[in-house]
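Each structure below appears as C-alpha cells.
In what comes next, subunit A is part of two complexes: it sits with subunit B in the first one and with subunit C in the second one.
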Partner chain A sequence: MSAQIQPVETETDEFKPRRRRPNATFIVFSIVLLTIVVVTILAPWIAPHNPDKLFANGLTSSGVPLGPRPEFPLGTDQFGRDELSRLLWGGRPALLISFSSSILASICGIILGTMAGYWGGWIDTVISRFVNVLMSFPLTLFAVAMVLIVSPSILNLIIVISAIYWTYTARLVRAEILSLREQEFVTAAIALGGSPRRLMTHHLMPNVLDTVIVRFVLTVAQVFLLEAGLSYLGVGVQPPTPDWGLMIAQSQNYYGSDPGLILYPGLAIVVTIVAVTQIGEGYRLWKRGIHS
Partner chain B sequence: MGLICPLRLALLSLIGPQDMTRSAPLSQVRYNIEERALIPTASLKVILLNSQVGLTEKEAFMKTPRWMAPLMVLSLASLTAGCGTQTSTGTPTGSLSNGTLKVTWSQNPQTIDPRKIYDGEDWNIGRALYVGLYSDNAHFKLQPRIAEGMPQISHNGLVYTVHLNPKATWSNGKPVTAADFVYALRTELSPSFQSPDTYLWWMIKGASQYEAGHSQSLGIRAINATTLQYTLNTPYSAFPYVLSVPASFPVYPPSIRQVATHPVTDGPYVVSQWKTGVSMVLKKNTHYFRPHAYPSTLQFDFNVNPSVGILRVENGQASLVGDGIPSANYTSLESNPQYAKDITSGYSPAVILLALNETVKPFNNLLVRQAVQMALNKARLVQMLNGRAQVANGILPTSLPGFGKGFPNLYPFNPARAKKLLTQAGYPHGFSTTLGLASEQTGTSQIETLIEADLGAIGIKVTAKPLPTESAALAKIPMMTYSWYMDYPDPADFIGGFVTSPAVVGGSNPAFLNDPTLNAMEAAASKMPLGAARVALYDQIDKRAMKDAAYVPLYYPELTFFHSPEVHGFKLPAVYFPAVYSHLTLSSKS
Partner chain C sequence: MIRFIARRLGWSLVDLLIVVSITFVLTYLLPGDPARTIAGPHATVADVLRIRRQLGLDLPLYQQYGRYLWNLLHLNLGTSIEYGTPVLATILSKFAATAELALTGVIFELILGLPLGIYSAKRRGGIVDRVSSAASLAAVAMPQFWIGILLLFAFAFKFGWFPLGGYGSPVVWYVFLPGLTLGIGGAAYYQQLIRSRILDVLPQQYITTARSKGLSEWQVMIRHVIPQVLTTLITQLGMDAGYFMAGVVVVETVFGWPGIGLQAWNAIKALDVPLIMGTVLFGAFWIIMANLLVDAVYGVLDPRIRVK
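Now for the complex of A and B:
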C-alpha cells in the first residue's frame, strides 16, 4: 500500500497577493532624475560650446554678461562663457560625487553595521562609539575641515563625504540586525551550521536591503546638497571645472543685474534634490504597497 | 599699500580693480555654517544680502523680486533642518546722523599701530589717526604736515634735517617732539618688534645691523625737541617721500601699551570704539593742530560684502564703499544718472601682475616665461573688468609721472607663437602648474579665469590654490598673482620695492628675479637726483626687467568708488585711497 503525500494547499489564485507596482511619485521623479543624469552624461555631445571657453563676443564692450540669444541660449556668465554649456557640464561632478559617495557610504555602513549588530560585544561598542563620535561633529564644518586638510579634489571629496555618511547607514543597519538576529530563521540557520559570514551575507544583509536603499536615496540627496555647499564655499569642486554650487558662488554678486546666473544652477540643484528625495519616498511607499 | 602687496593687495587684483567680493568669503562661510542651511539658491542669497543691509527678515523677503517666489518655496522646501532665524548684521534703518561718515569694508584692519601698518585698510585708518612729517597730495607733491618746510639736505645727500611744527600736539594735548619720531623708528626696527615695514628703511644708516640686533646705532636722532635728523648710508633722492608713509609716523611713548587699541594720536581722529571684526568708530581729535571742517565721526563697518555696501549707500545707511565698486554692480550704477555725481574714478599708480618664479621649473626657462607673456589676452581681461583698467606693457604704471607712454609691447598677444616657444623650450605638450592666489576662494576672479583659459589654450594646465602663509611654502609656488600699489610716488618704490628687492625667501620679490645688472642699474638710479635723467634710467630698467619676463604686467587698475550724495570733496588721493577722510565734508540729508 502506498500513500501519496498531497501538497498542502496554502493559497489559491484568489488569495495570492497582487504584485506591487511602483507608484506615480516614484515613476515621475525617476524620469526627472533620469533625464538630468542622461543630460549631464551627454553634456560633451549636446552642450553647444566648450564650457571653459572665454568667447570674444561673450561680453558686451563694457564687460557685461550677455542675455539669452541663439548663440548662447541662456546667455553668458561674467567671464564670457556659455551659461548653458556650463549648466550641462556642471551637474557631472555633483552627480558623480553624490552617487559615488553614497554607494561607498552604503557599502561601509552595511558591513560595519551588520558586524556591530551581529557580533555585539566589544566590536559593537567600538563601532557604535566611533559612529557616535563622528555624528557628534557639525556635519558641514567637519566636511570643510577634512577637505581642507586633504585638499579639495573630486576624489578627495568622495572619500571625505563617504567617511562621514557611512555612519548614518551603519547605525540604521545595526538596529535592524539587532532585531533580525533574534528571529527564528536566524536561529534555524545557526542550527543548520551556517557560518557567521554566511549568516550575515545570505540571511541578514538581504533583509536590510530595503532600508538601506531608502537610506541610500536620502544620502544621495544630502550629499548632493553638501557637495553644492562645499563648492559654494570654495572647498569643493575647483575651477575651472563647472559645478552648480561653484557657479552660484562665482555669480552671486550678479543677483541683481543678471539673476539667471544664479537662478539656473540654483534651480538645477533644487529640482535634482527634490527628485531624489521623492524617489526615496516613492520607493518606501511602493514597498509598503501604498499607491499615492 | 605698495609694499604690502604680496598677499594682501594681490587681493585687489583677483577681483577686479577694487572688487573685493571674493576675498571675504569667511563671513559667508560663517553665515552658512550658522544657518546649517547650505542652500545656495538665488532666493536665499537675496534674503541674505538684503538682511545684511539691515532689513528684517520680513522686509528682506518683501524686497525680493516676485519672480523669485516659486524658487524660494522650492528652496525652503528642500531644507531639512536647522533653518534658523536670519541674523541681521547691518545697521538699523535710518538716515545718516549728521557729521558721521560711514564706510564699509570687506576686510578687517590688522593693526592701527603705525609702526606695523601694512595692509590697505590699515593705511587708510592709520592716515585718519596720525599725521607724519609729510603727505603726498593728489598731484604727487610732497606737502609738509608736522614738518615745517622741506628737509634740509646735506651736500653729500646723506643727512636730512627736518624742523617740526611746535604747534603739533598729541590727542592728550602734549606736544609732538622729535624724540617721538626717534622712539617710533627705533622700536619699529628693533628685532623683537617684527614690523613688516622695515624694508622701507633700507637706506637708513646702520638699519641692517640694528635690525639684526648687532648694533644700537641707527641713523636717526633728535637734535632738540623740534629738530629731527636722519642719516642715510647711501644717497636716496626719494627719501623725503618715505617720510610720508605711515611707517614713518610718530607714536606717543608714555602710552605705548595702548598704541594698538586706543592710541594717543596726532591726526584728525582718535579711536572711540573698536569691535574687532565688526566696526570701529573714530571721533574728532579736539587737539588736532590743523583744525578745519571735516566729519566729526568716522564709522567703519567691517566684513561687509562690497555689493552689500553698495545697497547700504543706496539705502542711505552708509556713506562710502571702501572696497570700490564690484564688477557686478558697476554697469548698473554707472548707467544710472541718479548716481553720476556719486561715482569717483581715476588711476592711482598701481600694477597688477603675474609673477613667474624663476627658481621653480619650468619657469626657470626664459622661453617658457616668454610663452606665458604672449599667451595672455590682456585686452580681454580689461574688457572683463568693465574697461576699468589699462593694458600693462611694462611694470611702471602710466599714471606715474613720466612713465608708460610709448613703452614698447615686447609680448603682443599671440597664442600660436606662445605655443611654438613652449615647444622650443621642450614642452610640446605643455605641462601642469599651480597658480597661487591671495584670495581664500578660487574661481571668482577675472585674472584667475583668464589665466586658466589662456594658458590652457597653449597646453598649460593651471590649478589655482590659495597662497600658503608660510614663507618657505610661498617660495615654491610656481606662479602667483601679485599687485603693487604705490607707497610713495617714485619709480624706486616699484622697482626697488619688488623687482630688484632681494630674491630671498620671505622677501617681496615673488618671481625671485635676480639680475645683477638690473640691480646695479636700480642702485644707480635711486641715487640720482629727481628729474628727467632718473626717469629715463628707470624706463630702461623697466625694459630690461620685461626682457627677463619674470613678471607679467597685466593691467593698471582704475579705481572707482561709490559714495552717498551727502559726501562732498571726494577725490582720489595719490596713495591713501579711497579717501583722506579729513578732506571730506558731509551735508545734512534732505
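Now for the complex of A and C:
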C-alpha cells in the first residue's frame, strides 16, 4: 500500500535562480500541516463532545446515523457518537505513530547507513544484506505478523514500523556516504588526524542530513498509510480509540446510509499526507536552490 | 554476463536463507500453541504432549530449525491449522486469483500512468499536466482501502455497474474494481516517474540533434526518449509485479477477492501461524525473484551494471 509513495526526482533546471528563502510550497503546506497538528493536539479542548460517548439520541429510531444538525455538526456515526469530535481526535494515533517511528527509523538508518558506507567490508555486507532481506518481505503482511507477536499497542506499533522502515534511510545514506568518502574534504579530515568516529559524526553525517530529511518526510507519509491499513485490518489502533483509518474501516458497511462517515476521515488522511509530501518536495527544491 | 547473473543468484539464495531464518524465529515467537490448537479444547494434557512430540515441538531449537529447513527444501511449509491441508497447496489454490488481480493492477498502472506521464512531460505546464499532476499527488496520498471503498460506493452501490465484491464469472467484470484500486496508486506514481524522467532527457543535446535531423516530435519521443525511460519503467514494473504477487492483503480484503491476501487475513484472525508465515515466505520469495529478474534485465540493457 504505502510502497507507492516514493521519491521521484523532478526535472533539473540548470538556470534556476538562487533562492535562499523557503519557497511558497514549503511555507503553505507547513502551515496546513501545523494547523492539523495543532487542532489534533487541542482536540480535548475544542471538540464539542466526548468522542467515545454513545449518545442515546445519536441514532434515529431505526438505528441509522444522524445527519448534520446543530448538536452534531457532522452528524453521528453508526454507534451514535459525534462524528466531528471523533474526527478532531482521530489524527492523534496516526500522527504520533508516523512521526515517532519515522524519527526512530531515521536515526537508526543514518547510523547504520553511515557505518556501512564508511567502513565497507563485512560490516557493509551484513548491514546491506539485512536491508535487502527486510525489503523483500511483503510489507503489510510482515508488519501484521510482527504486531501479532507483540500485541497492537501504540508503542509496539511504533517499534515494529521503525524496525521495517529504517532500511530505506540506511540504503540512501550508505550510497551517499560511499560517494562522499571519495571527496577531498574527507581525505583532508583524515590527514588532520580525525578519528573514524569524529569523521562520521562531524564530516559525513552533516552532509547526508538533507537526504535524510527528505526521506524522513516520505517515511512519515508511508507510515501514515501503513498505519491506516493496519487499523483497517484490525491489527492497528484498537477500538474505541478514535483513529481516521479505523473510522473508515468501522463505517465501511454504512456508506449506503451515510457516505460522510467514509469521506471525512479519508479526506483528513489525504490532506495530511499531501501536506507532508509537499513539505518534503518544497524542502528539496529550497535546498537545491541554495546549493546549486 | 553469466558470471554477473550467477553472482546475483547466489546472493538471492543467501537472502532467501536469511528470510527463512527470520520467519522461523517469528513462527517460534507468534502466540498460540499449535499442538493445543490441533488437539482442540477438550484434549487431555497427554494428548497435547503427544501431538507436540509428533510436531517435533519438544526438540531443541536448533533441531527444530534443521527440520524447518529440511522441510522447506522439500517444499513442505507445514500444515494449516485451520484447514488441515498442506500450507503450500493451500496458498497455490488461491494463487490464480491473486495473479489475475496483480495482472489487472499492472495493466491499469500502465494504461493510466504511462500516457499521462508522457503527455504531461510533452506539454509541460499545460492543462493535462496540471490536472494529472495534481491528481497523482492526491492519489498517492490515499489509503488503498479508502480508494476501494469509494469505488465500491460509486460504481457498485450507486450505479450498480460492477458487483459489490467477490469472485465470479465473467472474471473481467469482478476484477475490474479491485484491479483499478490496485492500479490507481501505481498509475499516479508512474505518471510522476515517467514525467520527471522524460523531462530529464529532453534538454539533452542528442535530442536537439535528433530534432535538427528533421525528426518529428513524436519520432524523437519514440526513438530517443522512450528507450531512456525504459530501464526505469522495467525496474518499477518488476518490483510492482513482485509486490502484487506477494498478495495484496488490504485490497483483497476490501473486495472479498479470494486470493492469498484474503486467505492470509483469515489466517491472521484464526491465528493460523503456519499459514500466515507460509504466505509471508511465499511473498518474500516472489519479491526476491522479481528483484533478481529486474537486475538481470538491467544487466542486459545496461552493460555498465555488470562490471560494477
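Some points to look at:
The working rule: the second predicted complex is superposed on the first by the 270 of 292 C-alpha atoms of A that agree within 3 Å, B and C clash if a C-alpha of one lies under 4 Å from a C-alpha of the other, contacts with A are read in each partner's own complex, and residues count from 1 in each chain.
Here is the rule we go by: a contact is a pair of C-beta atoms (placed from the backbone, for glycine too) under 8 Å apart; a residue touches a chain by one contact, two chains touch by 3 or more.
Values in this document were obtained by computation on a predicted structure and should not be read as measured data.
By the touch criterion stated above, A:S257 is placed in contact with subunit B alone, subunit C being left untouched. Once the two complexes are overlaid on the shared chain, A:V144 sits against subunit B and subunit C alike.
Of the two partner chains placed by the overlay, only subunit B lies in contact with A:K53; subunit C stays clear of it. When the shared chain is aligned, subunit C comes close enough to touch A:N132, but subunit B does not. Look at A:S62: by the touch rule set out above, it reaches subunit B but stays clear of subunit C.
When the two complexes are laid over each other on chain A, subunit A has residues 138, 140-141, 144, 225, 228-229, 232-234, 245, 248-249, 252, 255-256, 259, 262, 266, 269-270, 273-274, 277 in contact with both subunit B and subunit C. Residues 1, 3-6, 8-12, 14, 129-130, 132-133, 135-142, 144-146, 148-149, 221, 225, 228-229, 232-235, 245, 248-249, 252, 255-256, 259, 262, 266, 269-270, 273-274, 277-278 of subunit A are the ones touching subunit C in the complex.
By the touch rule above, subunit B contacts subunit A in their complex via residues 21, 25, 28-29, 32-33, 36, 38-43, 45-46, 49, 65, 68, 71, 74-75, 77-78, 80, 305-307, 326-329, 331-332, 380, 383-387, 440-444, 446, 448-450, 452-454, 456, 463-464.
Interface residues of subunit A facing subunit B in the complex, by the touch rule stated above, are 52-54, 56, 59, 61-64, 78-80, 138, 140-141, 144, 222, 225-226, 228-230, 232-234, 238-240, 245-246, 248-250, 252-259, 262-263, 266-267, 269-271, 273-274, 277.
Only residues 11, 14-15, 18-19, 22, 26, 29-31, 137-138, 140-146, 149-150, 152-153, 157, 185-186, 188-189, 192-193, 196, 199-200, 203, 243, 246-250, 253-254, 261, 264-265, 268-269, 271, 276-277, 279-280, 283-284, 287-288, 291 of subunit C touch subunit A when the two sit together in their complex.
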